[in-house]
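Same chain, two partners: chain A is paired with chain B first, then with chain C.
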Partner chain A sequence: MERFDRRYIFLVIFVIVLFPLIWPLGLPIRVSKEVRGAYVAIDKIPPGSKVYFACDYDPGSMPELHPMTIAILNHLFSHNVKVIGGCLWPGAPPLLEEAFNKVAVEKYGKKYGVDFVNLGYKEGREVVMVSIGRSIPSTFPADFYGTPVSKFPVMQGVNSLSDVAMIVNISAGYPGTKEWVQQVQSRYHVAIASGCTAVSAPEYYPYYQSGQLVGLLGGLAGAAEYEKLVGIPGTATRGMDAQSLGHLAIIVFIVLGNLFYLYLKKKGKLARR
Partner chain B sequence: MKREIPLIITAIFGSFMVIDYFVPHPTVSGFGEMLQQWAIIVVAFAYVLGVANIARISGQKITRRSRDWPYQFPLLAGLAFMLTVGIIWGVGERTLFNDFYLYAYSPMQGTMFSLLAFFIASAAFRAFRMRSFGAALLAIAAVIVMLGRVPVGAMIWDKIPVISDWIMNVPQMAAKRAIMIGASLGAISTGLKVILGIERNYLGGD
Partner chain C sequence: MLPLPLLTTMAAVLTIAVFSFLYKDNPFYKFAEHVFVGIAAGYIVAIEYQNVFLPNLWRPLLAGQYVLVIPFALGVLMFSRFTTRFNWLSRWAIGLMVGTFSGLAIIGFAQGDLVAQIQANMLPLRAHSLIDTFSNWMIVIGLLVSLVYFFFSKEHEGALGAAARLGIWFLMVSFGASYGFTVMARISLLVGRLLFLISDWPASLGMKFVH
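The block that comes next holds the complex of A and B.
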């Protein structure tokens, strides 16, 4: 089996993932209680309130996490909630900017500085989180473009995280949801909703169960479920068919691999006899 | 004194940050905020050091003709190019920096990420063996969770998502909590050892 050319496996995966992207199957999406928790919490935020949107990912996780950003921003702006975006990953500010332009400006006609602001990136990880908890303007004196944040109407009345209704964190790893809960939620008691990669979601389940997270979106599936709740199907919904077939293919490979293993083991035993 | 002074500084400021967490008095929190601003400024210098380090190591590889040395040229050229266009024309919307970021860097990173699917499939076939009861349990749980997380699982059997949720919310969560509590106790213990000067590895050197 070690001599099996793995390029055949690559070819099967390529075809199986490509097929539903060209011809969507439209498989029904079931919404989990973790995703519904995030949706309900965001839905309850009164219009005009402010949310801190912590965009902590880079292009490596963009296919999995960007659909969550788009879906949640759709929900927030459709409810006229104002968004203050900040990043602890150096690659994140242009992604947040792209999402703001796509959703806030093009779709809902929102104005930069009035309805939303992109504070950009600040190095310092947990130190920045705690510092934001004390004072957002002293941690981010200027936005992504270098304009002093005091000039933006959206920042009026916002000093610390106590002045925002919720933190929404889209997290690809460190620093991310775990640190937001440990450093900010436990200290300032602000509600946090998290969207994270599928591989890191199991790590955050205890935080959801303990109530430290109001909701949890795990991977592309979580994004697709949120898209279903907001009623705006996007790339995550389209990707779920491909992911379904991809998972099925991997399961078939696990079964086949084990059947070969058992066959070879039996053959070895027979040979020894 | 070369070691004692850093140890005293660590003990004073480390203890202060612990006090800052529990004492909400404005004097304490004001000083705590100032310390955090210092930390943010100091950490920012790490980027300058990082750039200098990449330039130095890549330069050495080129001059010594080390393994894969030609790849250092695009690395250095990319670094210099993005730095130059970012400093001259800015990094905001409709800038050359942003265009290269969104239309070159992003797709390349996405491509690297997507390759995982191929390697996971290959690894599943070649390495996921049910050699023992524990390994079999792991494989069965993995299959159920993989199916439960995608729409096709419920189509095969409507109980698969329910079982998948139970695996995630009960055994997985119990194990995760145990690991987290253990790791947290370890972190507290290490923190105390650093503050008290028992753990000195962070000082480096002799």
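The block that comes next holds the complex of A and C.
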């Protein structure tokens, strides 16, 4: 067992994950109360209001988080909510640009600068969060393309975070949801909905339980649940069958590994380390 | 700009090159790794210059906001690290950054975590429904016994020892949940790349492999 080539495990996982992507099984998706919380809070935002969309991830976590961005933007633009996007991760602005083009422009015919704006990236992490709590235009004097933000109608009447109805944070780690809660929610008491990687989700559940987050989407499953709520199946829904079978395979491997371990222990064949 | 099918094919080839590491380390993987590191470094420099240096420092400075000379000078001091004689000057800038971030972190943790989480755990032990009552008991007991486990001022014997052992069980369950979420994250990344290889890549070449 100890000489077992782990590449066989990689091969099995690869085949098991690939299979349902080619032949979908259509396994059911159950919506959790954390995801429903985010959906209900966003659904209650009055049309014409503005939301700060904190896009804090890069291509490394795109498979988990980009479907959330697409699903939530679909929800926001279908309710005619205006979106001000900002990024604390250098790799994020082009991803936000792609999502805006795909959802706002192509699907809902929204206009850049009028219905949404991409403020781009700013270095400074928590300092930027506190700074936009006081003044967004002085922290982001120009958008991602270098145009002064004062020229955009969507920025009229928006000075600080108290002028937005909600912050939606899509977070891949640091800086992300934890820092938004610590630096912004606790100071300025703005409602925050978070979408995060599955790795970070256990760390953020206490923030949902305490009411510091109005909703939480964890990983690909969270994205698929949100897609189900907005009624627009996307890549997360497509990936959920593969996700479920992958989990099943790993559970089988864990059980088999432990059974072999116990068997070898009983036979006294375990190599001394 | 290169045509989209060519760009997508390059991305697909690099993805397969990275996956080849699962078989064993090889020159294709090394090539993909070095390309990624080089492009990431260049991208960061360009975006910091265009999105931060120009709009937040250089242009306002030229427009007459001379107070920005102070952060500009502190930023220049960071480059003193490249000399052995003057590298101590960079400590002023680093000191300012460490002080600022420490201050923000302490306030953020105290307001956002410590006080708010203590408040959130003051739960009614008799709630509206049986399931809520059970959940609240689990949260409160789990919190207390986990704290007991990290209490090292008295030897873990008797009731204290029993509570600490129960605390280990709660901690193990939380580690298990974290591991489960980590597995989910890693499978999601594989799903994303496989979807790209079997769906987006053929589509960019005008082919259809799967829907």
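A few points about this structure:
The rule we apply is simple: the second predicted complex is superposed on the first by the 268 of 273 C-alpha atoms of A that agree within 3 Å, B and C clash if a C-alpha of one lies under 4 Å from a C-alpha of the other, contacts with A are read in each partner's own complex, and residues count from 1 in each chain.
By definition in this document, a contact is a pair of C-beta atoms (placed from the backbone, for glycine too) under 8 Å apart; a residue touches a chain by one contact, two chains touch by 3 or more.
Predicted model only: the values in this text are computed from it and were never measured.
When the two structures are aligned on the shared chain, A:P63 is found in touch with chain B and with chain C. In the superposed pair of complexes, A:I22 makes contact with chain C only, with no contact to chain B. Judged by the touch definition given at the top, the superposed model places A:I170 against neither chain B nor chain C. Once the two complexes are laid over each other on the shared chain, residue contacts for A:E97 go to chain B alone; chain C is not touched. Once the two complexes are laid over each other on the shared chain, residue contacts for A:S131 go to chain B alone; chain C is not touched. In the superposed model, A:A54 lies in contact with neither chain B nor chain C.
In the superposed pair of complexes, A:G239 makes contact with chain C only, with no contact to chain B. Of the two partner chains placed around the shared chain by superposition, chain B is the only one that A:R30 touches, whereas chain C remains out of contact. Residue contacts after overlaying the shared chain place A:K122 against chain B and chain C alike. Annotation: chain A residues 10, 13-14, 17, 61-64, 91, 93, 122-123, 125, 127, 130, 139, 144, 187, 198, 202, 206, 209, 218-219, 221, 243, 246-247, 250 touch chain B in one complex and chain C in the other. Those residues of chain A lying in contact with chain C across their complex are 7, 10, 13-14, 17-18, 21-22, 61-64, 90-91, 93, 120-123, 125-127, 130, 139-142, 144, 146, 179, 181-183, 185-187, 197-199, 201-202, 206, 209-212, 218-221, 235, 238-239, 242-243, 246-247, 250.
Remark: chain A residues 1-2, 4, 6, 9-10, 12-14, 17, 27-30, 32, 58-64, 91, 93-95, 97-98, 101, 122-125, 127-128, 130-131, 134-135, 138-139, 144-145, 187, 198, 202-203, 205-206, 209, 218-219, 221, 240-241, 243-251, 253-254, 256-258, 261 touch chain B in the complex.
Those residues of chain B lying in contact with chain A across their complex are 21, 29, 32-33, 36-37, 39-40, 43-44, 46-47, 90-93, 98, 101-102, 105-110, 112-114, 117-118, 120-122, 124-130, 139, 142-143, 146-147, 149-155, 161, 165, 168-169, 172-173, 176-177, 180. Note for the complex: chain C touches chain A at residues 22-23, 43-44, 47-48, 50-52, 54-56, 59-60, 100-101, 104-105, 108-109, 111-113, 116-117, 119-120, 139, 174, 177-178, 181-185, 187-195, 198-199, 209-210.
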